[in-house]
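Have a look at the structure that comes next, please.
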């Protein structure tokens, strides 16, 4: 008692157990819980996606308020260094399997903020992105299409960004640390 | 035998001789002065001893100049006079010694002469058998007193002396007139002769008038209200040593002559006169002192009040219509009162002399650094306020029980005054013991002697008391009490004290084992003993910081509780009750911030005890058995005393702070056992008194409401407490409310519930308070928001507290549920619908604070300053474990507790069929429902383990995370404070129930206190300080006396 | 006894399934009322399975670890103590374990266990939610207590079987008809027990991130989900036994519990959220006053 | 009767002084007057018109003594009382003197330090 | 006597221009600014500080600081500005006049490097966490170059290319 356990320990690799693989993937695809975290302007498009008009709930998706229970994080728009830190933290607090959806042009290549002193240019250097949805901003229909595609990938067992993140953690960390100079982040457990 | 004339003559002669000797050698004058005083002391003592031992059988009659009694001056010394003489010289000697150590004021000779004259005059007043001679001695005393009062030569003392002199002159004028008129009417000055003549000739109004003139003069000297302004000014202005001697010796001599003259002159209105003036003075003065800030004047008010009580007693003593036995008791009471007051008040005034400041604020914390001073001060204050075992207590008891029932209102008056007395004396005590004061001058020999005399007197009085009142005290308990007090001497080593206490308690258990029979007494006896032993065991680890007197007081509490549980008479119970109350007062007062709490506790517990005493006084017989009474007054008075200890609702306001601020080691006992003895008392009242009166059901219904409202409101208040111990205090009080409810139901099920809950509440609340003591010891605070996250540091304590809380909340598999179940079954059986609803709601509200305790102490974020806290020390952990096991065991097998309770109830008529029987599958079955404790326990634990194993096998890979790692909006928390939600947990709920938790009751009590104080303040303006006014009062009152009391037959 | 345990286990599985199904139905109905398609009625099963099969989970300590078990135990225990079909050996479960008072207190255990686990997580939202829940419980319990006391006193029994037995002999003997005001009070109180709109301040996902279980994830959450579902079913069954005359066979039980299930649902979907002060005040005024009518009635008639 | 009346008048005058006068010196004088009044009263109580002093040695008193003499006791008493009165007055005056030396005032209003 | 005259009487006013009916622009010196603000706040009723802004006149080697005040009663704005030496940008805080100035000053400190003496929180990060270069709003700061250096090439590529590149980098990392 007393000491902080499992500190700075590298996460273990996780493998699918064979027996329920199909059922698991099927269930995961049909129960995507999205953490309600808007990083940029795209967050405003995310809300209507869940309302009556577009009704994302029919695909089994819903918003949750806490990263612990979420499966999907949607990076909705440009990311500044300051926000990136929070996104990384939220991502690492989510429980595996977990998926990243990048919304809009900015996470892909910086978008209109390509020359900003503070907005990152490419998200996939820092987090494993499973689905990119382009547009500035993508409309809810596009978002839904993106989620549908994500579901297909999960069903096929191809949405494995979370595994890759664990495997190549040092690489991702290196990239993250390159821009986050003052690394005051705690280390997490996966 | 020493001839009294020698005492007077030698003193008189040497008084003037000293004046001469002084010129030549100050030292020798001093020596001579003391030699004379010692001679007087020894001579008076020899006379007194002669009377006591029976060597002198008849009163000593001294003829002076060879004239036989009716003609010449003579001295008459009976038993009373001898005793008074001894008292006078003892006090004088003490005062003189004190004065000498302090330094006799210059010019020395004068002071010594006056001192001798004063004592001589007082002795003369006592001894003389002649009215005119009396007048002479009065004048000698007065002049000496004027001189002594003025001898300090400060502005205040001179003013006091002048006022004293003016009023004294008027008074002596009255006395002189009275004497002369007496002579005119009877043709004699000899007291005995006049008494003889008075008996034979018809009491004419004129004669009454004549004797009233005399009595008016005496009453002025006896400082009755409202003609005592001068006296208070003297108390305030004069040298305290002089005052000590005045109030201890001179005034007592006046009192003696008051009684004697009352007897001799057989004034028909004497009774009314003393009742009105004595009672009035007593009551009014006690209240006038309420807000007094000047210590000396405060003591003055107290003295005046005590004199009033004495005058009152004198009236009863001389009332021929009373049976001789009660007059005998009153005489004893008077002796004890005089003794008590003389020594206690002198000792207090001598203490006052050691402190520079007059203002009470200047006494702040004075007791802390001066242990001897503290001892003397406490003894004197306790003695004056009538705390057992000091003589004042026995005197009060004797007096009250000797007053016949038709004067019950006088008893009420006495008790009311006694409560007021406790209010202001203990306010004084509180201020004196609060904080750290300065060291004071050490001139404590005389007061120490006085207080030792007091203690001895108390012991003697106790031993006499049992003989006089026909009450048998269990001598074993007294022996234990004395040994317990004696543990004080091991105070240098706390472990030794602890061991000795445990051994003594263990031996007590062994000796009292045969008394633990299957009846109500035995039941509570067992609770007291075993509970006390567990709680005492847990005090060890923190014992180092305790004061010397902690363990003695603790044990005295326990053995007083034993005494209460074993009492067969109400009076006996009352004595132990008071002993318990006051020793627990001492314990509460040991808390650092507990002074105010202890004061309120003292007020409430003494007021409750006096209410109980009034009830006992009204009872037709004193033995604890079935009593036929009518009316609700007696049971209400009786039960009020017990309800105070249970802190039932309108009487609860002492509880929060007394529980919260008392030493952590003592609080478990206060909550776990002492409140239960209130339950015991209430049970006795329900059983023997309320059961037999015609309005019993209504009273029970009212008490049930009281109980359930207590439970409800205290629970509500507990929800909003931010202090661990205060929260538990409110919780405790609320739970005891349930017990009262159970008792009030008065069906077998209800009593089952009440007794079950009594034991169970001890178990879990004892556990909680013991755990709280451990936590506070480790964490260093009892403020809830400063704790949190301690589960990782003290897992065992957490487990214990968790189980206790589950039990407290009444969640099934633990022991607490049985109590709830029994109670609700009883309520529904009784069909008290509204009470049932409130009771249910209260227990729902309890969940709120249950969670609060667990969360704010153990869960949430661990504070940085508690990072290094460790598990509670071993003895506390052991006690926790014992109680924990008990909770679980009783939870699984409630019959462990229910069977003994059934045995107890079977002894009680009307409770025979407890209404519970046991079946294999359904468990305990009542008329209404059933509940299978063992099944529930097995089911809960079994399925819990099953689910746990299943969970552990199937769950995902579980990792433990760091303390600050919470999903907090992606933010990195910088500090614990940002994350810990520990303050004002129920702010939202408080806004909802704001109107329910309005502190109405405490506002009412506070209002009573404040308004009484204000009233007294206004009334005190009556003493304007202007001597003209005082004189006018004197004349006016004298005229009124002459007008209204002169009606003879 | 062994047989009994076996059947109780079956009943428990059935109860959990039924509870999850009802949850799905409620989501579907809500969706339809909001003019959208909504998830399938089996969505809750999918969610529970997904959570159950998550790869990782975190724990904040012992109580946190035990919390889902407490929650499940509280729900399942309550469910098993309430007889589904009175008199039926197989479907009366463990109702010999205790009467209504036992059940009422047993119901608290799950909540308390979960509250402790939540509190240990060290997340400030968890105790906020818990305190709100407890305060609201103090509110909603009052009308419920009133109606329960009415029933226990008029039927002169505290056992659930006894209360069910007292309602036999026709639909008009049901307490919902004989003591309508008490029943209304209790049914309003049921809204609070379900902690859904308008009494959803406890969870308040938008404000305090679903309150108490905010730190729970994966398998922990799936257990709590199941516990919550079966707890809801237990409450429906209890209300059925208390007010709708119990059930004579399983079909009736399903029908009646479904009817009871619909009542909070319809309220939930059309009302916004109360503040805590408002909800407690509401419970302590209107349902309480309504319940008091029947309480006064039996007080006078008795 | 005259003695009675005058003694009572003296007492009342003394009382008046004590009750009304603002000057402590005058109060002391009042006390003294009152004392004198009382003394006269005592004497007058013992006095019977036409009777003589109880000196037993005088020849005409040897028979039926009691009917011829005034009561001697009041006279004895009054002697003592006078002495005492003087002593009291002396004490009072010394106190007044000390008081005056402290505050340089004889006004009673100055001496109200001790009150309520 | 209108406000401009009153101000001129009391303070050093370099430029006073009445832009609109409700907008007045005053330019003063570094020394005269705070007394003027105080006067405007206490005596003229401009009780609200709406904004503090800064403009980088790199050619003049000056920062132009503007304080925009708002008078509720007259519904009028006033802009008080002055030139601050760019090489030596030290100034005092107006935090004691308007507590809200704390945040504005903090931002200007972060973006332009103006030092406001007496501001208790100006050294805390507001927007730029872990900033490692000259203040970004200065005109001599090359933001594109910085972005490219720090956040990598922008290069709009097809998704396939990105994935390919990532996997190349990833493989390279694996090989190491």
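What to note about this one:
Order of writing sets the labels: A, B, C, D and E. Residues in every chain begin at 1.
Here is the rule we use: contacts are C-beta pairs under 8 Å (C-beta built on N, C-alpha and C of every residue); 3 or more make two chains touch, one makes a residue touch a chain.
Because the structure is a prediction, the values reported are computed rather than measured.
Among the remaining chains, not one touches chain B and also chain D.
More contacting C-beta pairs link the chains of B-C than the other of the two pairs B-C and A-C. Of all the chains, the one whose CA centre sits at the greatest distance from that of chain C is D. Chain centres computed from CA atoms place D at the largest separation from chain A.
Taking each chain's centre as the average of its CA atoms, chain D and chain E sit 102 Å apart. Chain A and chain C have Cα centroids separated by 36 Å. Inter-chain spacing, taken between the CA centroids of chain A and chain D, is 114 Å. Centre to centre, using the average C-alpha position, chain C and chain E are separated by 58 Å. Contacts with at least two other chains are made by residues 14, 66, 68, 85, 95, 189-190 of chain A. Touching of two or more other chains is recorded for no residue of chain D.
Along chain B, residues 792, 795, 956-957, 959-961, 963-965, 967 each make contact with two or more other chains.
Chains that are in contact with each other form these pairs: A-B, A-C, A-E, B-C, B-D. For chain C in complex with chain B, the touching residues are 52-63, 65-66, 68-70, 72-73, 76-77, 80, 94, 96-102, 105-106, 108-109, 112, 115-116, 119-124, 127-128, 130-132, 134-135, 137-139, 141-142, 145-146, 148-150, 152-153, 156-159, 162, 209, 214-215, 218-220, 223, 275-277, 280-281, 295, 298-299, 302.
Of all the residues in chain D, the ones that touch chain B in their complex are 11, 15, 18-22, 24, 27, 31, 34-35, 38, 41-42, 45, 73-74, 77, 80-81, 84, 87-88, 91-92, 94-96, 98-99, 102-103, 108-109, 111-116.
Looking at the complex, you find that chain B touches chain C at residues 789, 791-792, 795, 802, 806, 809-812, 817, 820-821, 824-825, 828, 831, 833-834, 836-837, 840-841, 844-845, 847-848, 850-852, 854-855, 859-861, 921-923, 926, 928-932, 935-936, 939-940, 943-944, 947-948, 951, 954-961, 963-968, 978-981, 985-986, 988-989, 991-993. Interface residues of chain A, counted against chain B in their complex, comprise 1-2, 4-7, 12, 14, 37, 66-68, 85-87, 89-90, 93, 95, 184-186, 188-190. Interface residues of chain B, counted against chain D in their complex, comprise 132, 135-136, 139, 142-143, 146-147, 150, 153, 155-156, 158-163, 165-166, 169-170, 172-173, 176-177, 179-181, 183-184, 189, 229, 232-233, 236-237, 1020-1028, 1031-1032, 1035.
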